[in-house]
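Think of it as A, B, C, D and E in the order they're written, each chain with its own count starting at 1.
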Amino acid sequence: MDILKINNLFAGYGDKKVLKDVSMNIKRNKITAIIGPSGCGKSTFLTTLNRMIEENGGNFTGEILYKDEDILSYEKDSIRKNIGMVFQKPTPFPFSIYKNLTYAPIYYGITSKAELDKIVETNLKEAGLFDEINKDLHMLATKLSGGQQQRLCIARALTAKPEVLLLDEPCSALDIKNIQNIEEMLLRFSRDYTIIIVTHNLAQAKRISDYTAFILDGELIEYEKTEKIFTNPIDSRTKEYIEGIYG
Amino acid sequence: MDILKINNLFAGYGDKKVLKDVSMNIKRNKITAIIGPSGCGKSTFLTTLNRMIEENGGNFTGEILYKDEDILSYEKDSIRKNIGMVFQKPTPFPFSIYKNLTYAPIYYGITSKAELDKIVETNLKEAGLFDEINKDLHMLATKLSGGQQQRLCIARALTAKPEVLLLDEPCSALDIKNIQNIEEMLLRFSRDYTIIIVTHNLAQAKRISDYTAFILDGELIEYEKTEKIFTNPIDSRTKEYIEGIYG
Amino acid sequence: MRKTRERIFNFIIKILSLISLFLLAFIIIFIFRESLSFFMEVPILKFVSGRDWNPLDSPDKLSILPIIAGTIYTSLVGIIIALPIGVGFSVVLSSYTSDNMRRIIRGIVDILAGIPSVVYGFIGLLVLVKFFEIRFSFPTGESILAGGIILSIMMLPYIISTCDESMEKVYKEHSQQSNALGVSKSYMIRNLILPKSKKCILAAVVLALGRGMGETMAVMMVIGNAPLMPRLLDKGQTIPSLIALEMGMAEVGSLHYHALFASGFILMIILIVINIALHFVKLKIEL
Amino acid sequence: MREKIKDSILKVWITICVIIVFTIVMFIFGYIFKNGVGSINLEFILSDPKGIPIGSEGGIFPAIIGSLFLMLIACILAFILAISTSIYTVFYCRSKRMEGVIHLIIQSMAGIPSIILGLFGYTLLVLYLNLGRSLLSGGITLGIMIFPYIQVRIEKTLREVEINIVEASYALGVSKSYTIYKLILPMCRADIISTITMAGGYAMGAAAPIILTAAVIFAPIPKSLSSPVMALPFHLYILTGEGISLEKAYGTALVLIMILLILNIVSIILNMKRRGDR
Amino acid sequence: GKQEAGQVFKSEITYNGSSTLAPVISALATEFMEEYVTWNKVDPDFPEENISIYVSAGGSGAGVKAALEGTSDFGMLARELKDEEKEKLGDIETFTLGIDALTVSINPQNPLNEIKDNLTLEEVKKIFSGEYKYWDDVDNSLDHKEIVVVIRDLGGGAHGVFQKKVMGDTEVREDAIQAPSMGALVTKLMENKDAIGYASFGMVNQNEGKIIPLKVDGIKPTVETIVNGTYKISRPLIVVKKGSLSKEEKAFMDMVTSTKGSEIIEKMGFVPVK
């Protein structure tokens, strides 16, 4: 089943066109990887999906259907609640871990202490952080290590109870261990969430994703099962990219 | 001939140990690539070579010989003059292109306008930028595109007339075209300079380098001819890394 | 050659820094020296705890408790009015305006800092004091409140320029993350920007308090200058206005003259104590 | 729901703040404009004060020039000292405690009543150093007054310089002083200039520090650093204090504000230009 | 120059002190400079140098300070020299240029204005000491409104005179408004209907009709009553010089004390001493 349907999407900033006529459907409860050289429009694509692009001074035309309804017909807040996002650089809010995780739930009206505690616990567990930092819930989140911060940001995104999770190069600043942790977590998540991940690391895309989309210069060149793309790409440019001709 | 000889190098920040007992010799007029997962100590290794590590609050023990003399016996300034460095993120000074390129020469005592002009021209040509921006020498350097900025930074590093050029992931923020430009340039350079480049892009290392060193968790695992490392690595960890097991 | 130049540069920097610090220390010593002969005659405790000020009378009648209280009271009133307004305005500047707009507005607000205090005093006297007299039929509009209001206007540019830059930084750093969670902008302001700006708000308080407690002319013209224990709607007196008012007339070298310096000294001590206290509060907040 | 209410309260609060600040700014500028515009004309700006008592007729030209000169000296002095102190604390001072002490002294300075600074200037400069009641004495005193203000802001600017760029400079093998002088200061130039303009405005509006050190009721345009000068705020002080002419007083205040406005516009333009360049 | 031995010619003369007197001297100085421009026009013996006379205003106390410390040639006072000051100054020359009376003045809209134009010294004392708190204490027919007493700063010259000549040992009420300058005091009287204060005679003349001076003990403050001393609440306007005058200083002071000087002093609303 397709949770997101993207039809003839054009996006850009001011006069600058970035995405050109992208159409693709995102499968529910699968991991979709977006690959492509730097500057090709991967981040722009992600931010279009939850309308964050508007915050960055960009705009888009074309149709994006979330659960078969135009995302423009949702409230901005509610589309972002449903489609969560995690950025490349982990930036926890400068509060305690606990407060980072209750920030969104409180906004969505949850006030009971017990319920909040529960949310914190569940999401930390989901992100595989609970055992590591269980005792220090009131420690400043900015004191966590890079990988922990990134996982915390993912946990924080989960607190808004999204159905889709967008990840923009979540591992680029991390070391092996943390990358492994996060990859395991993402694989676990795909039971409950739909995940779209941008990565410049082809090996990573190969390891974890079900589908892979290759974007070049704002155009969607190829979108296929990951296996297929990495073994037998149709487009020659995809082949070249995967073989490392481009960066 | 070995321009740099590194013996039993340990380096770190405060209590944190990063590099552990690294020994290797760098060949003159060759391109040496340093690869390894994030956080393994690649940048630390580079900054140790020109003592920039001291500026970042780090320290090292062990011996580094530049042209068979301990780098500690040179003045800090002069070792940095001889061993230039270019960072991951292009850092043009917010002045005109011309001023960016005369910044160091003026410091080294060159005052004649003609001579300075000459330096600007030569180095821009070296960096393959001259034809592109010849007319706009007095344009603000920060207005250049990312790739042009990075090439300008390389040209700027050349104005100090180094013999060794350290490059720390110089292409990670760039797109295909610019990466190609820079790679061509580096290949051209290896006639006159010794180049050490850190890259997370294995394909790039394969394409341009003569030697490759693989660092893991601060240890030098393998250091060999590039061909050899990519086709027939000795250490199993190197093999795993190259095959994409780690990030 | 380069080495010498480097050394000369370092030397000049150090010397000039030393000069500025010495200059400042010098001023403190100067004030202390001028107050010393007064403190030899009137014990400092008595000076700050007595309630009478009559320079024409005996040394017994030289004490400034009501004036110290008036100084603190007026500045507090000023801060209490200016802080919420200044912080609120900074929030708007940092989160709701474009970069260029912000720069223009900040420039205009900064001009407020350059208007001479005499002018503030005059506007205060002719508009604010008059307004109190007519509107609320006070017998006189000169009051701590009037002084506080005028001070709050003078403090505004300091508060705004201290806060809005830091708030802007927090905003730029976290707005994306917060937006991505689907929460509203005002929620972010309340739960992220304001709490994160505690430190800069504190810095603004320090700066504004210093400015407020040292302000002379403007306060002097609207506060009535009666050395009473301060009450919000009644006249009062502040240390700088006392000094400005009487310094010109005081006989040089007289006890009165030195008493004025002594009150300046006390003001400085109060400020230093406040500064140190806030410095520690700041350290706490950092944790 | 509760969060929605809190959101609305916040919105109301900040709206009120904007209204209040704009009202205050408009009112103050408007008030001075309304009362002062009547007495402003070319003659008022370009001629000497006249009449008995002096100032009741004529203009304020020497006061404008005097004030500008005083501001200039104050700014130059305060700038030199402030920039050195800032460079020292940011780039040279290694001990956090020393930094704390410096900050404490400087902040305490910011609150000293200006009249006491005036007396200090009088005692040190006029009396002991025998500089006389002069442009120089007044300028130095004002410089001391604005020093803390400039220092705090320049230090802030220097600390905000991108560390990457500084490192790029070190990597070229150039020295710290060359980096500061040729790279960091030019990068911060616009910010520094705008800080100085602002502080200059503050210096230009201060009467108390110059009463004893520089200002006189009438003086022609100063010929040297040792001449006494007329100054706008002092002129204002005399005009209002002795009830000589309120109309001229408002005119003087308006001229002062216009000068500040011009200074600020220049500094805003400088600032914008720089950001535009980036 | 045919200067006396040991005396260097100074083309500059500086004044500092009372802000009441400063505009007067300044007006005279401007006149003097405009008339002669260079010293040799004043006296052919003087060198041909531009005349510069600078007048500054830091208050009477500052005037004495400046004269004492030699940072000004002359000090200006709007009060008598105190004994201690005389002692410190040592050898001095003083010039009394005029007299400024302090008139007990009220706002023209004050109802008191309609029923009487006179207060006894005793009444003035009671008003200023706070014994009369409301206007109906002064006269039953007036409204029950608080009297707003405006004075100058307690340590100042003007208040010193008022204290001595009117209040005696009685203290002024504590909550009186202390105006920072005569201008501010007069402004307050003009702005507040219930205010009463001692406005300078010069200011009354400059603001005729805007504030109303009252008779005290039946004596109206006029030039005559002030000069002949029947109106008692007055203070001298004095210029002092430590040591003796140089020739050029004398030349200017001659002009100040001449009829021309008196005219200007009168124009400013003060009473010249002939």
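Here, a contact is a pair of C-beta atoms (placed from the backbone, for glycine too) under 8 Å apart; a residue touches a chain by one contact, two chains touch by 3 or more.
To keep track of the chains, here are their UniProt names: A, B = Phosphate ABC transporter ATP-binding protein, PhoT family; C = Phosphate transport system permease protein; D = Phosphate transport system permease protein PstA.
Quick caveat, the model's predicted, so the values are computed rather than measured.
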Other chains in touch with both chain D and chain E: C
The chain whose C-alpha centroid lies farthest from that of chain C is chain B
Return the chain whose centre of C-alpha atoms lies at maximal distance from the corresponding centre of chain A. E
From the mean C-alpha coordinate of chain C to that of chain E, what's the distance rounded to whole Å? 34
In whole angstrom, the CA-centroid distance of chain A from chain D equals 50
If you average the Cα atoms of chain A and of chain C to get two centres, how far apart are those centres in Å? 49
Chain E residues touching 2+ other chains are 19, 58, 62, 180, 184, 187
Multi-chain contacts in chain A: which residues touch at least two other chains? 106-107
Residue list for chain D, restricted to those that touch at least two other chains: 3, 175, 178, 240
Using the touch rule from the top, collect the residues of chain D that touch chain E in their complex. 50, 52-55, 122, 126-127, 132-133, 211-212, 215-219, 227-228, 238, 240-244
Given the complex with chain C, which residues does chain A contribute to the contact? 50, 52, 55-56, 77-82, 84-87, 91, 93-95, 103-104, 106-107, 140, 153, 156-157, 159-160
The chain E residues in contact with chain C across the complex are 19, 58-62, 64-65, 68, 82, 84-85, 88, 145-148, 153-157, 160, 163, 171, 174-180, 184, 187-188, 191-192, 194-195
So, in the complex, the side of chain D touching chain A is made of residues 1-3
Hey, which residues of chain A end up touching chain D in the complex? 106-107, 109, 111
